[in-house]
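What follows is chain A paired twice: with chain B in the first complex and chain C in the second.
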Partner chain A sequence: MKDANLLLRRFGAALKAALAIAFLIPLFFTVLVSVRPEAEPVTNGNIFFGSEVTLDNYQRALDIAPWSLHYLNSIVFVAGTLLVQLLTVTAAAYAFARMKFFGRNILLLIILLQLMIPSGVLLVQNFRTIQLLGLFDTRVALMIPYWGSAFGVLLLRQTFREVPLELEEAARIDGANLYQVIRHVYITNAIPAYLAFALVSVSSHWNEFLWPFIITRSEEIRPLTVGLNKLIKTTDQGAFYGQLMAGTLIVIMPLVILFLVFQRQFVESFARSGIR
Partner chain B sequence: MALRRVIYVLLAAALLMTFGVTYAQDDIVIDFYFPSATANDAEGIFERYAGLFEEENPGVVVNPIFTGSYTDTRNTILTELQGGGAGPDVAVMLSIDLYSFAEEGYIIPAQGFIDAMDNGADYVNDFFPALMANGVDEMGNVWAIPFQRSTPILYYNADLLTEAGYDSPPTNNAELVEIAQALTTDERDGLLVPVAGGFPIWMYQSFAIAYGQNIVSDDPTEVYFNTPEAVAAVEFVRSLGTDLGVGPAGGAAWGDTPVAFLAGQAAMIYHTTGNLTRILNDADFEVGVWYLPSGPAGDDGAGYGAPTGGGNLYIFDDGSKSAEELDAIWRWVMFLSSPEIQADWGATTGYIAANASAWETEPLASLAQEHPQYGIARDQLQHVGKEFSSYATITIQGIINGTLESILTGESEDAQAAMDAAQEQIDGILAEYR
Partner chain C sequence: MRLSARQRSLVGLLQPYLLIAPTLVLVLIFNVAPAFRTVNDSLYKPARGLNAAGRPPEFVGLQNFRDIFDDTHYMGGRFLRTLRNTVIFAAATVGIGVPLGLMTALLLNRGQPLLGLWRFAVFYPSLLPLIGAASIWSFVFSDSIGLANALLRTVGHPGLNWLGDRNLVLFSVVIVNIWKQAGYFMIFFLAGLQNISRDIYEASSLDGAGPMQQFVYLTMPLLRRTLLFVVVIAFTFAFQTVEQLQALGEGGPADSANLLLYLVFQNISERRNWGYVNAMTIVLIGLVLVFTLSNFLLFERDEPT
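What follows is the complex of A and B.
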């Protein structure tokens, strides 16, 4: 019996290791190719470091786009989006979870449906709206379509519904108003869900290309993905993998570091909020 | 509460940062959209050109805006115009985008501006005729001005050829196959033709022309995709990877081809002149460049063939722009296509400078003297044909690419049958334009 358990545990560990390696391989090659001389392609039997380790690729990638500007823009974009999302999503989630009003289920269904529409379909229409609002080529135009989040509303509504109603009633008896109830009863009990939502929101907008690209023209407000795009667009000359990988690392590094630092919290919050 | 204050401050800051750049009120602002297809800092180059132009043209501000790849650029502009936006004033788009944009009434011909010039004919005649082919409609009106243009050429590793006893590059298909076979080893391909990866049409056109039938004409409602020449051409390309065994079956991938050449893993490649500067800079062997070898259409020069490629300058106007604005826009187009800028642009990026006089202008003149390879790419232009373009270009190009790919990969064994089917589909689409 004991042996069987041990065997099972070992098998589990081996499986985890295999999965970890599978996920690490792309990152590993990204780093590898980014420090290889550009003129030495990766081929059969020649996959590791080239004749030397070089930072030339990084130098060239850095020369092609104003990265610090793009960094600032990406941070403003994801932070501005997330902050407003947290307000709207909390309010909507509380309303759907605890308030009774006419058409609640229909409205919820509409929000649910919205999750299923691919954003590309709405491109021209969203552009038209932004144009009507006079917001074309502004930071607000970047963020405004994301200031509501169907995913966030649904996630938090579920979480709020799991908060015992007695807690809210007790708070009410103690004289808490609506704002205080949301703040101290619901938000406090939903921190893991908020963390999970924030992670999804930040990483998806950090990686977002099409909308920012279409709706902005000024370099002053364009995010990192547009900078990375400049490294990809070498179609007339073929691929510059080294330079591209260097640029990719420049772009993803903050998220990777963020994740490594807060790894435990993220994993726990995902486990607790029921997203897999 | 501290947190709330932080949120307010951040929101206020975000709002403040939304205000963009402002211009002096009387300035005419030209929004110039450009794609990038090379590893150059195109943005920096255009900022420099804009600065030079503004010095010569007080009161005009040029605003260069990077719009991704050629495809991104087309989509960005279409989204913007369909969504009620202002769109660009001038844009670099593929030379084959002409009909898509002219049909919608988004662009205006350059012909009107040329007619108003004192020396309009000289201006037009200075461009290589091959580069004008895609910018002119069937009535002979000039719509688009050549800007970042290219054409496929043959690159060969001169060291390897010499080693194998060949002193000169192949000039016809028979020699091409012979040399490629002699240079093929287990570790090396004799010849790579980049037709794999979804966009074989451009390279394929070279062979179609060499076999005696370009798949397009001056009439945008006619496509010739199932002629005996067109079929023989694709069968030849397929045989390179099968019977002749000088390259991978199905052809090579576009992006990997120059990389393999530079690494010595391919003795000869077909690739764009847009790559010449990179290859000359990065190769540690002697790089030779020659015309694409001549096909069965004739050893007298008729068998040489390559399509043009790359981007032209288009002028956008829905009829709302003032005479002053249009005048400034045209001056910017003329500036970019001037011999001085074309010489600089060609030398910096590797694109073929579009006008003959640019080749006598510095820095291109000395560059071409130092590296005769540049001159060969230019001289091939006399044999070059029109790039594929028709009404409904994108759809038809998609059909042709799909058909070619299925033939090249061996999925469609019978090339003639597949091309007949494609031709029928294409004629169905074009019928409504005839």
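What follows is the complex of A and C.
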């Protein structure tokens, strides 16, 4: 029995290493290919390094798209989305958590419809709505479908309900108005939930491609993912993978580094993003 | 400003509605209304012919649905192939990706050195933009210089046309999706495992249960809820994750790896296909709803009171 357990543990360790390597290999070779001379196959000579280590690919990737502009656009997109979300979500979450009003349940159910019919699926109609509103090719068009968040309302409503009612009553007796109650009693006691919401919101919008691609035309407002798409389409004809991998790394590296630093928070936030 | 008691009670009455108004209005504009308009527009065909531009669309009843489910129709052929791909894609992602996520969670669960590194290795793909992940794999799968074929050649295989062979390309897209999602599934299992008390394992060890018995009789029954939940969200995501196609063959030769939402996206500016695109969206909404609704019914423990 003891031998069998030891064997099982050894097997588990080997499996774990194999899995980790399998998941990391694509990233590993992306880095390698990005510093090899262009069009030097990995099968050519040394599998790890080409005839020389070069940054030419990065130079050419940088020339194809205005990456600093795309970075700025992505930052504006996720920050603008998140800031408005924080306001709408906080207000609605407080109302649903602590106020009694006619139609409360049915109104909450309507908001929850967003979770059942995500706006991504409604691409076609939302595209037309944006055109009708005259918002096509504007920054607002990128963000507006996400300014209301059923997920955020649910998450914060749950958190607000766990705040002891006595705290609110005490603040009211001290003369606090609604804004002050929400600000000092509820928000202060829900920081981890806000952090979880922010991480999920930022990372999902940072990665978004289809919506920004169809709803914008000007490079001046298009985010990173759309810039990367341009590089992919440029690369299609000649298979310049060195340049493509360099560009891909330019796009994904900040996220990977952010994850390395805040790993625990990311994992915990994402774990909350599903389980309610 | 001083308010009379009457005015104050009116403000108090309106206050909750004002607080929820922004969220409610946005959900109505971008989720509820478009869902209804999709149903409506799926029953119409745009006017055809020379002066079509100004003429109102023509009501055709369920004709658009008949067309897209008709194999011989130009759109029906594409739609049916794509629908089949979407179901295979979702089933394969869930059937392979979820057990893989569970397995990695079990392997990583015990407190151990380098946990951060292991977790990073499996989870980082979930954080990448789908299109970035696809870009990486477009190199892995590339014909001449790609990694996958380089590996195959070391064992004497001539290499495969991963993104060009119509029997293979859907499989390649599935691999990318599993690589991308398994880590995301894993964290739910890790959270579920952490909720299982260590005492149960100790007690069962004292009674002589080995690791296999513990897995079958303790871990699995206690994880059932988490497993169900992950399966449901995995299906929901699978129907919506299509952006990788942009970098991986754009649906493959003759739609051999096309997916529903991507087909909709490809036809978004084709005026003559407007009715079809809406009918296809209805089918997609139907698929998504089955799973989001079951998620809601199974897991929304916290009912509105």
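In the analysis below, the second predicted complex is superposed on the first by the 212 of 276 C-alpha atoms of A that agree within 3 Å, B and C clash if a C-alpha of one lies under 4 Å from a C-alpha of the other, contacts with A are read in each partner's own complex, and residues count from 1 in each chain.
Keep this in mind: a residue touches a chain if its C-beta (ideal position, glycine included) is under 8 Å from a C-beta of that chain, and two chains touch if they have at least 3 such contacts.
All values reported here derive from a predicted model rather than from experimental measurement.
**Q** Which partner chains sit in contact with A:64 here, chain B, chain C, both or neither? Use first/second/both/neither.
**A** First partner only.
**Q** Quick check for you: in the superposed arrangement, does A:79 touch first (chain B), second (chain C), both or neither?
**A** Only chain B is touched by A:79; chain C is not.
**Q** Of the partners chain B and chain C, which touch A:230 in the superposed model: first, second, both, neither?
**A** A:230 contacts chain B only, not chain C.
**Q** In the three-chain superposition, say which chain, chain B or chain C, touches more residues of chain A.
**A** Comparing chain B with chain C, the partner touching more chain A residues is C.
**Q** Just checking: does A:173 make contact with chain B only, chain C only, both, or neither of them? Give me first, second, both or neither.
**A** After superposition on chain A, A:173 lies in contact with neither partner.
**Q** Examine A:214 and indicate which partner it touches, taking first as chain B and second as chain C; both and neither are also allowed.
**A** both
**Q** Check whether A:139 is in contact with chain B, with chain C, with both or with neither, and answer first, second, both or neither.
**A** A:139 contacts chain B only, not chain C.
**Q** Regarding the shared-chain residue A:16, is it in contact with chain B (first), chain C (second), both, or neither?
**A** second
**Q** List the residues of chain A that touch chain B in one complex and chain C in the other.
**A** The answer is residues 39-41, 43, 123-125, 127, 214, 229, 231-232, 239, 241 of chain A.
**Q** What residues of chain C sit close enough to touch chain A in their complex?
**A** 13, 15-17, 19-20, 22-35, 37-38, 41, 103-104, 107-108, 116-132, 135-140, 142, 144-145, 147, 150, 153, 179, 182-184, 187-188, 190-191, 210-212, 229-230, 233, 239-240, 242-243, 246-247, 261, 264-265, 268, 277-278, 281, 284-285, 288-289, 292-293, 296, 299-302, 304
**Q** What residues of chain B sit close enough to touch chain A in their complex?
**A** For chain B paired with chain A, touching residues are 7, 10-11, 14-15, 17-21, 31, 35-39, 41-43, 63, 65-66, 68-70, 72, 75-76, 79-80, 82-85, 150, 254-260, 262-263, 265, 271-272, 274-275, 278, 282, 284, 310, 350-351.
**Q** Inside the complex, what are the residues of chain A that reach chain C?
**A** Those residues of chain A that touch chain C are 1, 4-5, 8, 12, 15-16, 19-21, 23-27, 29-30, 33, 39-43, 47, 87-89, 91-92, 94-96, 99-101, 104-105, 107-127, 129, 144-145, 147-150, 153, 158, 178, 203, 206-210, 214, 224-225, 228-229, 231-232, 239, 241, 244-245, 247-248, 251-252, 255-256, 259-260, 263, 266-267, 270-271, 274-276.
**Q** Which part of chain A faces chain B closely enough to touch in the complex?
**A** 38-41, 43, 60, 63-65, 76, 79-80, 83-84, 123-125, 127-128, 130-132, 135-140, 143, 213-214, 217-221, 226, 229-241, 243
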